[in-house]
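Next, two complexes with chain A in common: one pairs it with chain B, the other with chain C.
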Partner chain A sequence: MILQKRLMVCASALGLMAGTAMPATAAPWVRGYVVGQYEYAFRYGGRADFTRGAEIEPGVDCPHGASTHFANDVNTKIAVQRQKFRSQQEIDWISRPPGLDQVRAPVLTRFHIWNRAVAYRGYKRGIETYVNPWAAEDPGQPQVTSRIGDGFNLDGKVKAADFVSPDGEKGVDNNLYRAWGCDAPWRGNGNATLDLRANDKMQDGLYTMVIRVSGNKDPMNDDNATLEIGYSPDKLVKDARGGIAVDYSYRILSTSQYTKLKAKIKNGVVETEQVEHLHSPRIAWFYDQTGDTNFSKGKVRLNMSPDGLSATGLLAGYRDWRELYTENTFAQDGGQQGIREHEDHVSLYYALRRNADGMYNPKTGKNDGISSVYRLKLASAYVVDPQDPKMEVPKLALDEERMQAFLAIKANTIKGAETRVPQPVPPGTTEAAVGSFEHDIADLPSKDFFIKTLDRPHYANEDKDGIPPWMRRRRGTVAPTPPAATPAKPQNQVQADTPTKVAAAEKQ
Partner chain B sequence: MNRMMAIGFGAAAFCALAGSSFAADPAPAAPGTQASVAPAPAAPVADLPMVPPAKPGVFTATKKGATGYHLVVAGHKFTSRDDIEKYLAWRAADLTLSDKGTWFTFTQIRTKADTVPVPKRDPGAPRHSFQMANFQPVWRYKVKGADWKSWSPYSGAAFFADGIKAEDITDFEASADVVVRKGVMDDADPLGYEAGAVSDLLINQVSPPV
Partner chain C sequence: MKLDRRFFLRGTSQGALAVMALPFLDCFLDSKGKALAATGRPLPSRFGTYFYGLGLTKQLWIPKVGGTDYEMTMELKPLEGYRKKLNVFSGLRVPLDDNPNYQHWSGAAAAATGISPTKQSEFDSKTIDQQVADVISHGTRFKSVSASAAGDPKQSYSSLGGPNTLPAEASPLSLYTRLFGPGFQDPTKGDWKPDPQIMVQQSVLSAVSESRKTAMANLGAADKARMDQYFTSVREAELQMAAELQRPDIQAKVTIPDAPGEMICNNALPNLRATLPLMAKLGAMALATDQTRVFNMSVSEPGSQIFVPGDSLGYHQSTHEEPIDPVLGYQPRVAQYNIQNMELFAAYLKEMDAIPEGDGTLLDHMLVFAFTDQSFAKIHAVDGLPIMVAGGGSGKMKMGHHVAGDSSPVSRVGLTIQKAMGVSLDSWGKGSMEIRQPYTELLA
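Entry: the complex of A and B
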């Protein structure tokens, strides 16, 4: 009996030893994830309940707190008095519009006046500032002074100004954090307004991003793994608590937003190779901003939980800084976002420009790229191939007009910066509060002064109030133009044949 | 024969072009010497902005140390302080780019009598690619029937031309000391100027004084 017991213990021990010594699963494996949170990898260093004078949450990242552009009439006055073409009356009236106490919506009225005014801060009247930021003086931007930052050593060098990662890795390149880390809508302890907005829109179906990791050894240790990152046409599924539901199926499209990378996994940390071009979906909160990140010298690091249910990660590389500028500025219009979020895109333009540290352009002698790191939080999912391998990213027909306007204003902005010839605002945008200003300040006693004094772009076929055709359509005063083609609505229909079974087995 | 003539004319035309091109090139000045410096040749692309060349004697750049310059813009027809100082700033940016620099620092020429505070460095304050308000050259000027006088922006006194008719100013000089620098700019330096950004802002605004 005792011998039998000892034999059993011995056999069990041998079994256990064999289990640990041998690879857990020396067979093909797949782990899939859907991205539930996607944001710039900025480290917050403030205290959410602390302010000092006019400083908002000063901290180790930003000693004087987050940016406060246009936060009040004093700051707006500073911004508009830099233009020598303005009269003192214009400066005073813009910052504190007379008669505000007599209107139904004083905050909104002031908002529109500021929006139109700050959209024209060039060296002379008539130059729209957000399309031509280089033609305006640099208002200045608080920048990150902390030495600790998330990311990778992208250039293989350890430079004096590089960040040190929280784990102690030196030479971390994340100049986007340095340039924009104190910008109010991106700085916060999980509560930065544009972080929240972008994640909210992504979770509500604006776009979906998936990652698939596969290999042939152990999912937690595999020196010959593959990581795929890309766009999914399937809307992200939430659970009953508003979190990301696990183990739903998502297609991954082999489109312009897709990259396949070699990777090594050690103790659950997936480290990909660095590739010349890393394509993935962009951070976006409007359809017009969506598209490909196109990181240069990009790479991914994921930290997978052993149970396979979640992961965190970083996605990094150099991004064209002019693209970053346009993506952040023209989701709606520069003035609207700037005033609402207390950021100034002219300041952000110059901050990107002087912190550009990669993608050297031998023709111009300048860096076209800025090292950028995005943070990912992922939930497990079944990531599968679509039935049609050539399936494209679906288009939102009703938003295509705005997408085209976004692309046009982006092109004009880059052309202006390259040629130093001021460019006009193309049709289709709301820059300078076109389409809303005249209507929304209608009951202000001093409205005639502002309508007469403040610049705005003009277009063909404006109505008597100066409303261009696309704004009449958006306001519903004329019938909408039917979309050229109605793309098929993406559905959660997947071909869940082969890849899912291994992933399912793995998670048990 | 015709071919020989054509080659001859071609060579002559080339020499003429080369001559004018060399004359327009910035002449590097030896330390302590003065040279009249023309703007760097603009890209030969139609419709791109270009600052008209200055007449001889309007702009001089005197080497001062390894990478420093003493810059002077001189003229006889005073337009405005803003016009002249912006032209000088553009020349500083242009010179920096010609020297393969990325940014320059402006050195304030102060005396003990100056009362205007020195801009302070604050790493936590907003960073800038440039602050035009801190680009403050010192001036010399002559008013009809009087000798040269000087004016410093750090003295606290009103600008010399305030209250004087522009046509009464017969001569003026605005001067600045700058140091050309390479690499990443120190954007916490209130007297630091990113040359490319300054050039972009000013290229459509400036022309040399006469």
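Entry: the complex of A and C
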């Protein structure tokens, strides 16, 4: 009996303690994060311990390995011999330009020739390929065949071709992974080139992305929480080791690239509602790529660590696949990135088009969107409102010219894809190695052949070498060195005819 | 016969005049071998920059520990012989602020000026060599001399700011001609006279300087500023001419060779292995004979187009196209190019260290600032730029250190160098790279 009483007293005391403890856990709470890594949620299926000096190995994701477009002269030859308008000499000379051994920068010279050539692969001469990918033959893109993929069931259906998540969730929609997961620069075990590059530039201050989660119960369990995702005008702070410094303050802008979502939290896993438009910053490694993702049917899932110092997550929805194409193609120019990264944006265009699975357009009867999942890694931060709630995303003044050129080429590309009328390359871009090609093949013995054969539409105010004004500005020269002044031999750049013999060695 | 530091051995060899400069004999120097006995002035400090493109591989060049007991990593190994005359800086940052990341340019420009550039291929201020030259180059024939081992005069990282890049000599013959060709005043001739043309020009400038006072009095503020800028250039020209009216201040134990023959100068590595040491040797002679006190050497453009015969990709393209080996964690072929780049740097240092001077070598009396454009070229990363300083600056900088990853802006190295070289300044750089705190532990 005494024991029972004591137990009751203890139970009552515990109840009181619990009662008094409740208000503390039920108080309003906020957790802030800054995004330290932001990349497409592609899963690498090769062996992590495999090593060789060529392309990343085949795996369960990509049985034929990663893409190898333009990886060597043979692959480039395959790409340019598809065009019926080219002569055999043109094909042979493009793939292996004669006289390269006589120029001072043979690799760069060949690179510009390839860039110009692969930028014109339409059904007739003069159609720029990357603005008009639909006008070129599909070179083919290896696609992901694995059944396992990260993401959510965005359409509420479990279809035969859907992925299964690593946790066993069925019906996962991530067709961007299917289309592009075998693309060389995006495939890797934590070392995919463009993942590294985009993260490096974000961490260097190109843009900052923040997330704020708040609620009124326990941060690890709250069925009425809020998640805000958006752009911060404050540059990401690194620690002394180059990692993301924790607990710095960042403002979150609510004017654009911003979404506020209802969320439920269970054991630290934040699951938001699915909304018709989810705005957030884009993945970018150049300023002209930055902007709004504008996911359709978007949602977010975060996995917060109990100590609040870090989190991982997924951000998903349907993105307009033509925007994805332009953002990735015209960061620099299609040929440059294609040759250097062993990818072909024509292939990527067709892969996006055939895998488009959302944002149905009743007017065309086609899907404008492709299910896309982005992976997030976050570090704790203080996410605060700006003093001026109307503050806009700042512009990078020195790169605005490039941004305007990007917007123009994007508009032309989408217009061409919709109308099937070939569109020109607007001024201001580096597409088709404009200017670089003309400038850097000056000492090639076969330059006349290439300048004639690989000619392109011209712009106003080009100089006599065909270099347009914006390229002259970017090169930092008002005018390039005239070819006539280029010496026949590099060593003849000395002005003096005969050097004066000042002194000779004392030989004894 | 009394010898002084201007005494030259003379003779004839195969019908040609043969001249040999004398070393800094004890009779020229003070009892400690550190200063010129005649004037009591210390041996002049010399400065050089050394530019190499595309950086290094992080895993292979950063020593694990800081301080003086660091290990010579795989990519630093070629510099082993100069370890005690070398400082290695890792973990330096290049904050871009609100400027674009100009690929292959922002890093190089930031290292050379302490400023994140606002334009591709242009420096936003005078480069460090010119800032140092403003202080140490008085009395020399050339304020600075630049050379491009790959044969491109545009491969110069010496600038007065904006589009005013100072072109590089693009071959050994060109460099030789500039230094020891027409216009070279042979100080060994008994009837040595200043160049009459220079005297005429100087007198013209003097006349101009008289009349400019009148002109300035009638100008508005903006025009006065422009005129000031203009006359600063005029003043520099005057100083240059005054220098050419005097014999060189010092001569070291060097034998000026015959003019080199024509050589192919391009990006092929075997050619660079021939041209770079030769141009370094000529540069060293120019420094040793006080033709100039600032010598800049470049191996390549920022996106280095160096190639090994048979490699269809070359250096730059390899940085982009070669996959990262999943097991090694780096790009093996790129790493090989990195090492070859460091071997070229070692060849340059060898020439600077080969000339005995006072109590050491020429290298001991200079500082060489070696910089690059990228930390990880594959992704055009700039944070973690590999920077080295070689030499000793006549004892004004402590050497043999690895200054490990403290996340300082790259401009801190430039500020420290300038402090060691006697440049009077409190801070250096702009924006997030403006720095007031040099590496005081390295300053003697």
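By our rule, the second predicted complex is superposed on the first by the 442 of 508 C-alpha atoms of A that agree within 3 Å, B and C clash if a C-alpha of one lies under 4 Å from a C-alpha of the other, contacts with A are read in each partner's own complex, and residues count from 1 in each chain.
One rule holds for everything that comes next: a residue touches a chain if its C-beta (ideal position, glycine included) is under 8 Å from a C-beta of that chain, and two chains touch if they have at least 3 such contacts.
Please read all numbers here as calculations on a predicted model, not as lab measurements.
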Margin query: Just checking: does A:Gly140 make contact with chain B only, chain C only, both, or neither of them? Give me first, second, both or neither.
Written below: first
Item checked: Larger contact residue set on chain A - chain B or chain C -> C
Check: Is A:Arg354 in contact with chain B, with chain C, with both, or with neither (first, second, both, neither)?
Finding: first
Next item on the list: Please work out whether A:Gln387 is in contact with chain B alone, chain C alone, both, or neither, and reply first, second, both or neither.
Entry: neither
Margin query: Once chain A of both complexes is superposed, is A:Arg420 in touch with chain B (first), chain C (second), both, or neither?
Written below: first
Next item on the list: Give one of first, second, both or neither to describe whether A:Asn461 is in contact with chain B, with chain C, with both, or with none.
Entry: neither
Check: Which holds for A:Asn224: it touches chain B only (first), chain C only (second), both, or neither?
Finding: neither
Next item on the list: Applying the touch criterion given at the start, work out whether A:Ser305 contacts chain B, chain C, both or neither, answering first, second, both or neither.
Entry: neither
Check: For chain A, which residues belong to both interfaces, chain B and chain C?
Finding: none
Check: For chain B, which residues count as touching chain A in their complex?
Finding: 47-49, 82, 123-132, 184-185, 187, 194, 196-197, 200-201, 203-205
Item checked: chain A residues within the chain C interface of the complex -> 46, 48-56, 71-73, 104-108, 111, 184, 188-189, 191, 193, 196-197, 200-201, 203-206, 238-242, 287, 340-342, 394, 396-399, 474-478, 489-496, 499-507
Checklist line | Touching residues on chain C, where the partner in the complex is chain A | finding: 9, 11, 13-14, 16-20, 91, 93, 95-101, 118-122, 150-153, 163, 170-171, 173-174, 176-177, 180-182, 184, 186, 188, 255-259, 262-267, 305, 307, 312-314, 316-317, 320-329, 332-333, 376, 378-384, 405-407
Checklist line | Sites on chain A touched by chain B in the complex | finding: 62-64, 84, 123-124, 134-143, 145, 161, 347, 350-351, 353-354, 357, 366, 417, 419-422
